[in-house]
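Both complexes below contain subunit A, partnered by subunit B and then by subunit C.
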Partner chain A sequence: MNKIAPHPAATTVEPFVGRGVSRPNARRLVEGRGTYVDDVELPRMVHVAYLRSPHAHARILRIDAAAALDLPGVVAVVDGRQLAETCAPFVGTLSHLAGMRSPPQHAMAVDRACWQGEAVVAVVAQTRAEAEDALQAIQVEWEVLPAVTRMDSALEPGTPVIHPDLGSNLCFHREIDSGGVDAVFAAADVVVEETYEFGRHTGVTLEPRSVLADFNPAERRLTVHHSHQAPHMMGDLYARLMGIPEADVRVLCKDVGGSFGLKVHAYADDFATVALSVLLGRPVKFVADRLESFVTDIHAREHRVKARLALTRDGRFLGFDIADLTGVGPYSMYPRTSAVEGNQVINLCGGPYDHPHYRATLDVVFQNKVQTSQYRGVGHPVACAVTEGIVDLAAATLGIDPLELRRRNLMADDSFPRKGASGILLESLSHQRCLARLEEMVDFAALRRDQAERRARGIHRGIGIAVLIELTNPGAAFYGTGGARIASQDGATVRLDPTGIVHCASGVGEQGQGTETIFAQIVADEVGVPMDRVRVLTGDTAATPYGGGTWASRGAGIGGEAVLQASRQLRANLLEFAAVHLELPVERLRIAGGAVIDTAEGVPLMDVAELGRLAHFRPDLLPAGFQPELVVTRHYAQRDYPFIFTNGIQVSHVEVDVETGVVTLLKHWVVEDCGRVINPLLVDEQIRGAVVQGLGGVLFEECLYDENGLLRNGSMADYLVPMAGEMPDIEVAHVETPTRSSELGAKGAGEAGTAGAPAAVMNAINDALRPFAVRLTSQPITPEKILRALHPHLAD
Partner chain B sequence: MKAPPFAYRRVASVAAASALLREHGDGARLIAGGQTLLATLGMRLSEPSLLIDIRGIAEMQGIAVTGGHLRIGALARHVDVERSALVAQHLPLLSLAAPHVAHAAIRNRGTFGGSIAFADPAAEWPACAVAADAALVLSDGTTSRTVEAADFFLGLYQTDLRPDELITAVRFPLPGRHRRFAFTELARRHGDYATVGLALAGDWVEGRLHDPRIVYFGVGGTPVRAVAAEAALAGGRAEPETLERAVAELGGELSPSGDLYTSAATKLHLAGVLLRRGIQSLIPGEGQT
Partner chain C sequence: MTDKILVNMTVNGMVCERWIEPRLHLGDFLREELGLKGTHLGCEHGVCGACTVVVDDEIVRSCLTLAVQADGAMVETIEGKSESGALRDLQDAFLERNALQCGFCTAGLLLTADALLQAEPEADRARIRDHISGNYCRCTGYHAVVDAIETVGRQRRSGGRGHRHE
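Coming up: the complex of A and B.
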């Protein structure tokens, strides 16, 4: 047998998993060669623009579109009633959220619009500009109806009921009660109580929501190019609502320019655009512009939470008592509902701490505003701010250092697996190790000295701590058990091609977070090839295994495990193949660096490309009856727990200008345990990006509505996304507690930053303002709110 | 957010631009950097039938010192002002203000004259022009006239500009050797339009402040010169009591409206904070003259 020249890295190959390799797809995107939906041009394609309700609540008396039909380029003008003949209505409830109600929603308003921004008339034209020209020629006669805008009065008797059939504006109510809470609070040494408010905000993606629907009437097949996180879910929904077999629906999500949960939902606009393509038998493109994004993209976080915490005099937590009220718009969002955020708030409050008693109530109410639903963090930023806010209040009340009070009450690292007081199951958390790591990073004593020195000079700096837990890697408990056809499993197919390249197709897609990169790292290690010999394909329901896609921080943990299992089996198949071909015992062989290696002599025997060549072109050289299998598909569902929880700690250091109310973010520290870190570079940037979105929520972002339910700041000039100039340095460290529910050991990492940042900053601001005996508990914490607290005459 | 249809013409002279303005009246808009206009077109807040592109007009370009003035051509971009050594040398107020004008990408396109002609009440350049006693050169291509910046801004987005006139240049008198400037601004995020901003000028002679200019923006329909506060400080040493008297005068001089994020009362409060801080940075520290 000829021995080939040693492969340079054949014998000692450093694993790719664990290394901060950069994204192979970054160059393409930076060079402007991405393929976003708006880049896709199809023959006979037309564009749709939607006339949207200018009122929060109004009856549609008459639509006069005659003038619009005569304008240049106009192909069709369609209203909600016409479209309802093509697209069935849909209801955003889940059966495991017991008692949840929401009325049927149509792709476009029928007879009545229930929020400012709801689509009422579709104009299809040769160009988007022509469609917008025609919108201006359409007259709609409205009967304006009273709008329900405030969530605190939504359930009061005098408030109009948005959907009379439901009898009230209540969407969902839930209670958790561990029992004995009243007695514990009555007997406690100390009870602290505070109310926290969270302003509505939204995720602002660089690429807006976009959909290009292409229905081919000749074969009754539908192809949809979509900027989305869950292509298989959308394929199922299009099939069912349009009456097309799911097998004849293909959804493509090539490049997606940011998603943040905003693109995991099925929007009425999506169904309307697809229905128009079915109706017209030609491709129809819809790309939301910035103005309509603000009044149609989901909002999130409109919550008011009353919290009480009972403690012993020495600072031991006895119980939490929580009441969350949240307003979600006129319809629960389809199909994941608008109740999940509130549901997670009451599941998660008090979550990091060891306390025996817990009670929580949740009221989810309808309003005439944009629908709310899952946006990065989903309930965690609220639960974390409530929990950590009241823990800080307790620390101040008892005169105990906030870090010390947390140390006394955090669940011990050796107490897992266990249940939390709200009933959540926790596999394995590392609060104590994270706290220890944090104290290595942050010199708290020095910060406190600096604080005291500056305070004497009228400079007010504060330090805020936030401990968090985060649910990731969900099982079927999230949606599947509630009846939604949203896959909790995900799949991966890996195959060796004739040139020795390993192709990986995954049901989890790429929205900028680096999914394709970490999958390539896993494939490279598990098959035994260099990363540049791996190609990853995502975002095509016709070419990837069925899977749930990207949400609930599941991409790495669920999708990555499927990639790992498929890759391991491919490696086993290749070794078996090589053993047969080389006539050596398979135990003597391994694959590394793209070569089959003789472990006995430590030398490469053949490149895996040679295996590819033999299998594809020279099967005649193989023994009779032997068939190499170079394609492997594996699926993985996390079935050990409802969720795999992660944990972490964040610290914010701020300076508050007490004359101007301006908060300067000086520094932010993060210790995060997301289990096995596949790519530290990407994980750190995920955390930083998520922290920035949390900082936006706590300081800047709010969808401001007037009393008529009209959005007052729906543009990029007026809605304040966080900008680089205001962001602090964000230092990130890791503690790794791999989950035992998978071989890969990875937990989710994409949302924890958003979960903890608002609490840390809120606590830092209140720490800075302690000499003034004021507390800011309404987010976003704006300069105006700070000044009103500090200078009561400004609040008059 | 697609602009409605419009015609587009490039012109090479003020006279040609002015002639088109006369011909098309309200239907025509000038476009230079387009940083405000293009957004309003996209949002269909404005539907002109004709855009007149004036970027090629030679006489409106450039930054130069001539005849005792610093002349900034109306077509000079914000970034040109920001990076100009002449501006830094002769009129540091503008150099201080420039980084606050929106973001780098906007400063690379937006023009100095365009900002003044648009007269956004929360913009930096109109206030700086008033504080530095600038004169605006207005022309229709045949007749040219000069208007003091202080007289130019008439009301919210209203100026003394006639329908067929262009601002061709802004002329700043070269300050005397005792003239000092300060600039301070509060915005929710760096580069946003000001919540409240302040442009300050004054002669500091032998420990006393003379001939001060206190010009606010973001607190009214136009840049607002706080004359009573100026009088309270004029001739004095800007000691704390004097400064508080000046701050107290602001209540009678400024009548800000609240905006999305800041109430009127808070704006007035912030105007006082900025005056205290602005005067501190205007006058030299201990040991300086």
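Coming up: the complex of A and C.
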């Protein structure tokens, strides 16, 4: 019998799941040794630059590119019509969003450009600089068409229709009605009503969108290096639009420099770049520069929501009545569409609260602006700000403390599983426990005393609360049922190598959240090896199980469960193998610390590496007919609910300078229930990072357009994102309600911060300004808006 | 086309000489001419700070510095600073505190933080936040970055300057 020296911690190994271990794969990033797409250079690689429409809406009368072709380094000049021969058009609709419409979109504009920034001509050259030089030599003759810019007049009769075939600028309309809403509002003691506006903003990943397409004509195989969240989805789309078998398309996502949903979409530029590689038979690289990022990256959140809330005199919520209008650009984004954000807004308004009646309408309209689509939080920041804003208005109207009004109306922790009034299914939430945890964290009485004391001295501080729910771990309800080939299932393959290393390959990738780290923690625990014996591979469609990738906060909950199931089975296989080899009953054995342990004697019997060695090199020593299986693949799809909801509460403490309108963020608190916490170090930073993106949205970020549909602030100098100096410290606490839909119990944690922060800050500002009887409901809440509210007669 | 100009500079201790176009900025020079991909270009108009490098002991934005301006200069990038161990304490602290996510801004933040701590190891949180405000990070929300820099400042003050002068 192979007895080995006892492993130091062989019998009492502390689990890795639940510990704040740091990320083994981050060392390369702090040393500047990561591999982002722009770092990859291939033989015969050329670069593409796109000539983009300078107009929001214009017909292309003539393109004269002859002069560009003669310039140094230029390899090809291709227009939209030529490219359409290689890349089929695409339509961004989902069949379960009934009645949704969007016209076919091309990789580059054909005949007509519909937003400022749409690619019209591609120049491929030896260097990006040469390609940009050649753009200057191209003449395009335009017929400028009237642009639809305002969403509120997009459906009016006098407004031009962007796509005449559709008959109107309506992309999608939906209504939810629980019934009896008019009667309830008519009979209610109190009805409060307010309109909330949300400025368009965008993700501003620090690494711009990047794609390096490498079509090899000899074998007709396509390899795409992509800065992306959903490599399998992209492989499928490239295959279908270019007519290449999916099996011959490989998508690689190494290091991704920020994603936030912005990089989950299929951009026209991606298709154009891949089509150019197919056309030219050589690698073509496209890296958006920052200026073109602002006019081609998806925007999000251009919404105007009218909200009404009916209550009893003692503050019981009776019903919400919501009308959301959102403008989404000229085409619905393919393949996830531009209607999901609005759809989520009307699904989620009023979501944390127990109320019997609900009515909501949604109008999604086309405009000649950049396309909008899913960005971190997707509708939640809007729904949360509307809900929490009007709850605060109700509290002020009734003279009830905002925290107390919420306490009276939150869904009780023991009322789950249940339905929300909008029809959403909720598995298990912990609003009451989160509220209790929040009150341990935040001394509200002291904050109120401080507020009163300072107010007397002309200093205006405010406290804002936001309760939220967040959908995570989606099933097929999001896309699959609507006909999009976007996997809701994900898989993991784990294997033991002869050296005793356990490899794990997952369809869910890493964009810095720590996905690979939490997978390594799960593998380590479930197989029974130290974490430094685990290697994780993601971001390669040729080497990982087919899966959906990273979106809707599904990485930990869906991908992690697949890793858990695969690892458990590998451990079972290893134990069976060890039992056969050691001639002991399998029940007597367990694996911990990388060793097979005899539970009867409490001693390690052999290292798992020895099992690897035997299986690979000495199968002759194994009993006849026994085949050890050291590779296991398992899949997981969450099928119990459409989504697994999380919940949380945030509090913002601000000071508003009523002379300048400047808001100072003093502190931010978060209580979050994302189910089982796999790695608190990583989860807390997901939450903090997400909160700050929400803070950017509520205070700074907006894509400003002029009346002609031209972006006025398309640079990082003019478009403001949060800087360190303006951001507060953020305190985070957890309540853990594991989901019962998986054995891992993890729910998503990546987006709730963004969902709740805008509402908390808006409420805090309005709380600060209560003595002035003004309310700010248009985000971003800029100093100018605050001063205009305080001084309504102020001249321009 | 403008005539190329000969530049000669010392990058991470290595002398290099290249004929370059005068319009080439230092970031592109490092990445494309020298293959030093650790310097990242986030905006190329001097706002985001991702492309920060050290030129003659001063942190500069390599996207706003023409390569010809660095003629004769000593240039240090994240690669050189990593190999020398000059940033090891900061790198360790960033890892331990999870003060990075996607890592795209991290080289710039580390070099900017090091410049602060060399001049003011006693910098408090507000001062740290102020100093790194020219370095955008879209992932972390900055709290962990400030924690990590504060920790290293404390270590350096107490003589644990770690790997710098070993």
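Assume the second predicted complex is superposed on the first by the 793 of 796 C-alpha atoms of A that agree within 3 Å, B and C clash if a C-alpha of one lies under 4 Å from a C-alpha of the other, contacts with A are read in each partner's own complex, and residues count from 1 in each chain.
The rule is simple: a residue touches a chain if its C-beta (ideal position, glycine included) is under 8 Å from a C-beta of that chain, and two chains touch if they have at least 3 such contacts.
The shown structure was predicted, so the numbers you read here are calculated from the model rather than taken from an experiment.
Judged by the touch definition given at the top, the superposed model places A:L794 against subunit B, while subunit C stays out of reach. Once the two complexes are laid over each other on the shared chain, residue contacts for A:L704 go to subunit B alone; subunit C is not touched. Applying the stated contact rule after C-alpha superposition, one finds that A:G73 touches neither subunit B nor subunit C. By the document's definition of touching, neither partner reaches A:G18: not subunit B, not subunit C.
Contacts of A:R712 after superposition: subunit B is touched, whereas subunit C is not reached. By the touch criterion defined above, A:Q511 lies against subunit C but remains apart from subunit B after alignment on the C-alpha atoms of chain A.
Of the two partners subunit B and subunit C, it is C that touches the larger number of subunit A residues.
In the superposition on chain A, A:V692 contacts subunit C only, with no contact to subunit B. In the superposition on chain A, A:P89 contacts neither subunit B nor subunit C. In the superposition on chain A, A:R290 makes contact with both subunit B and subunit C. The intersection of subunit A residues touching subunit B with those touching subunit C, taken from the two complexes, comprises 129, 289-290, 715, 717, 722-723, 725-726.
Considering their complex, residues 22-23, 26-27, 29-36, 38-39, 72, 129, 203-208, 255-260, 289-290, 511-514, 681-682, 685, 688-693, 715-717, 721-727, 729-730, 753 of subunit A touch subunit C.
Put simply, subunit A touches subunit B in their complex at residues 127-129, 132-133, 136, 289-291, 659-662, 700, 704, 712-713, 715, 717-718, 720, 722-723, 725-726, 782-784, 787-788, 791, 793-794, 796. Those residues of subunit C whose C-beta lies close enough to touch subunit A in the complex are 1, 21, 23, 31, 36-48, 50, 77-79, 82, 87, 91, 94-96, 98, 100-107, 110, 125, 128-130, 132-146.
Interface residues of subunit B, counted against subunit A in their complex, comprise 1-5, 39, 42-44, 186, 188-193, 195, 260-263, 265-266, 269-270, 273.
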